[in-house]
Each structure stands twice: as structure tokens, then as C-alpha cells.
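For reference, the structure is listed below as C-alpha cells.
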Amino acid sequence: MKLTVCYFASMRDLAACDRETIDSDATTPAELYRELRTRHPFPHRQSELAVAIDDEITPWETPLSAEAEVSLLPPVSGG
Amino acid sequence: MKLTVCYFASMRDLAACDRETIDSDATTPAELYRELRTRHPFPHRQSELAVAIDDEITPWETPLSAEAEVSLLPPVSGG
Amino acid sequence: MEAFALASERLDIDSLIRQLDDPAAGALVLFHGRVRNHHQGRAVTGLDYHAHMALAAREGSRLLDQLQAAHPTCRIVARHRIGMLPVGEVAFWVGVTSAHRAEAFAACEDCVRQVKSRVPIWKKEHYSDASTAWLEQTVLKAEPL
Amino acid sequence: MEAFALASERLDIDSLIRQLDDPAAGALVLFHGRVRNHHQGRAVTGLDYHAHMALAAREGSRLLDQLQAAHPTCRIVARHRIGMLPVGEVAFWVGVTSAHRAEAFAACEDCVRQVKSRVPIWKKEHYSDASTAWLEQTVLKAEPL
């Protein structure tokens, strides 16, 4: 299944890209993140991140559909 | 004993003056205020007012000295 | 800059903020108390502020010293207008800078409350029917010596 | 005027205040969150703010709607800068008007806290030795549906 993954802040630096399109068998963001940690040196445990699918923050066990855009969101620091 | 009494806000309107110099036998501001209520239609009970002698807020039983300037201060409403 | 002052002219708020400015202070909390167009159901056209000038200047400065001591991470400045003010005008202004926002909010709210209750300032409301009334809200207290 | 927006240009605070202005509102409480020159003992020369733009705009608007509902006597507006900001620059601004000062203070502080913890914005600190670090402070939560 083709998915687009978007990275922000420290994760963007570690992935060395804003976004990438990957082919994945992951059925949930939780599975996808386990897979991505084998590709990039992300230090965050899943519980330290939030995930958005198509610009909506969502639980980690939400089913992924093809063409979904998945954003990984490290802890925020606005203000 | 000659005293100067200064009025503010509603008490100034009721006394129809900013200040007046009076001859009084009052030995404390409390006695003075009882006397002033016979001269002006002040509605305030003493407990609703504060009093300053020579620009210092002071208890009602503070002894008055000659030439003192006594300010009667109705409840404030700044802000 | 004086921590507290009475002002008979319009407040130059940009200038006050510039004087408060401090590159170490991340949080700036401001309070603008403005003349409202209504009070207790009546249409208000303006407020006329009077003070016991000497006592208000002294009590205000003393109060700001106490607030500064109570909120040591903050810098606190307050200004209060005197005279006739139209609706919308800033009658009372408090500015607080701090490295920490919670402290800045606490100090600002504390300052607003205490200036309103401890400084000898009075306001007369002018209503749309041309009548007026002095507001009397908080009895001043002599501070324990 | 939008209740929440991200801004890539310097905030025009006078214009924001004019738009918030309401003759029925006596109390105006403002928060300016500015770039500090230090953090945890290190000299900071600037902050670079990034956001998930689409999500931040949406979460910010949703949050402001919720704050507005929680503080019905208030009018609340918030702006957050994006991009590289020097020391002293206003990165985050909240303005609240209300007829009642206690409500205005509560709504302003509430808005500051919630924008900081619920909107996907990140800052990278730039230090005087030319090094940088992303700050990571609050884990975002999915809202219950």
C-alpha cells in the first residue's frame, strides 16, 4: 500500500526530508511507526508522539487506507 | 483648634467645597466627623469612610493636632 | 520609569511597553481598563476620574513596591488616568514582564485588584440622560503600622 | 477577524487591538510571548518556529471555538508567528476583551496554555555558539470523537 509520511521539527532533521512516499504493509499508524524506526534514527517512543491522518489527529490504531497522508508529530513547543 | 478638612468625590459635592478651615474641639477624626455631619448632609457611616491626616491614612482614634489637614475618603472606585 | 503614576494626558502605551521591555522577559501581560458604554443597565457616555493626588501617588507607589516584592521575578508598571474620559479610553493600565507567564498573569491581576481597592481614586459616571453618579465601591483601610 | 491564525509577518498589534475593540468591554487583557535571550542557562539568539500548517490552523481555530464557548462573556483572538524570529520579537499573541476583568484574565491565561499544548507548532532554539536544538515539550493528544 502506498502511503505518504510527513515529518516535522526534530523528526524532519532525522529523516532528512519533509515527506516521503513509501510502500508499506502497515495497517495502522502504530505498525507504520515501528517500520519507520528501522529506516530512520527516531529516538521517540510511540507514546511520545501523536499521529495525524489526512490532517486529523487520530488514535494509533486507526486503520490506514491507501494513499493516506500520515503526519508524525513530536511533542509541541509553540508559544 | 483650627483644622482644614478636605472632601473628595460625592462628599465634595455634598459639602459644596473642596476644603474648608474650621474651628473645632474634636480631638480625633471620629469626633470631627460626628461634628461635620451636623454641618453637611453626609450619608456615610464612619465605617464606610477612611480618613487621612496630612496625607497618611490613619485610624479614626488618632489624636488631632492643631493645623492638621484631615481628608475624608469615601469608598474608592478607581479602575 | 516610575512604577506608579497618575496621568492627566492620554497614555502612550507603546512607549510604556518599550520602557518595560527586557530581552530576558519572555512573557508580557497587559491590562487595559477602558471606559465602558454601560453600567448596571444604564448607558454611560463617559467617566470623570478624581483622586486625592498626593495620597494616591504615595499609596500607588507603596503598593507597587509591595507587589514588586511579592512577585520578584516580575517587573510591574501601572498608570491611572485622572479627568473626564470618553467611552473606549484607557483609564487604567498595568504592564508586567517576567521570564515566566504564570507569574506575569498573577502579578498583573494582583496589581489590577489592589490598585482598584487601595488607591484613593473615584469615578463619576455620566449617563446618556445627562445625569451623573459617583461610584463608591471599596472602603480604604489604614495599613497596620 | 479570524479567532486564530498563523502569521509569517510581524504582528500588527495595534490593528489587532482595534479589531478586538468593543465599547461594551471594559477589560482588555493581552499576552505577548516574546523571544527570550536565554533558556536553561544558554544564551539564545533567536527562535525558528515551524508548524504543521494545515493542522495547526484547524486545531487552533477549533481550540479558539472551544475557548469562546467556555468563556462566553469574552472575545478571544490569538496569533502565532512562524519562521525565524530574533530576540524580543512577539512570537505568540493573545488578546481578550470582556466586560469583566476576572473572566478576561482567566480566558487569556487559558488560551495561552492551550495553544502552547494543543497546536502543532515547534521551536528550534539558536544559541550564541551557533548550535541549535528543537524543543519538545507537550505530547499532542487525539481528541475523543
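Letters A, B, C and D name the chains as they come in the text, with residue numbers starting at 1 for each one.
Keep this in mind: contacts are C-beta pairs under 8 Å (C-beta built on N, C-alpha and C of every residue); 3 or more make two chains touch, one makes a residue touch a chain.
All figures in this text were calculated on a predicted structure; none of them were measured in a lab.
Participant: Could you run down the chains that neighbour subunit B and subunit D together?
Facilitator: Neighbours common to subunit B and subunit D are C.
Participant: Measuring between Cα centroids, which chain is at the maximum distance from subunit C?
Facilitator: The chain farthest from subunit C, judged by C-alpha centres, is A.
Participant: Just the number, please: Cα centre separation of subunit A and subunit C in whole Å.
Facilitator: Centres of subunit A and subunit C (C-alpha means) sit 50 Å apart.
Participant: Roughly how far is subunit A from subunit B, going centre to centre by Cα mean, in whole Å?
Facilitator: A distance of 74 Å separates the two centres.
Participant: From the mean C-alpha coordinate of subunit C to that of subunit D, what's the distance rounded to whole Å?
Facilitator: 25
Participant: Check each residue of subunit D and list the ones that touch at least two other chains.
Facilitator: Residue numbers touching two or more other chains: 33, 112.
Participant: Of all residues in subunit A, which are in touch with two or more distinct other chains?
Facilitator: As it turns out, subunit A has no residue touching two or more other chains.
Participant: Mind listing each pair of touching chains for me?
Facilitator: Listed by label, chains in contact pair as A-D, B-C, C-D.
Participant: Help me check something: in the complex, which residues belonging to subunit B touch subunit C?
Facilitator: That would be residues 6, 8-10, 12-13, 47-50, 52, 55-59, 71, 73-79 of subunit B.
Participant: Applying the document's contact rule, which stretches of subunit D touch subunit C when the two form their complex?
Facilitator: Against subunit C, the touching part of subunit D is residues 14, 21, 23-38, 87-88, 99, 101-102, 105, 108-109, 112.
Participant: Would you tell me which residues of subunit C are touching subunit B in their complex?
Facilitator: The touching residues are 33, 49-52, 54-55, 58-59, 80, 91-92, 112, 115-124, 134-143.
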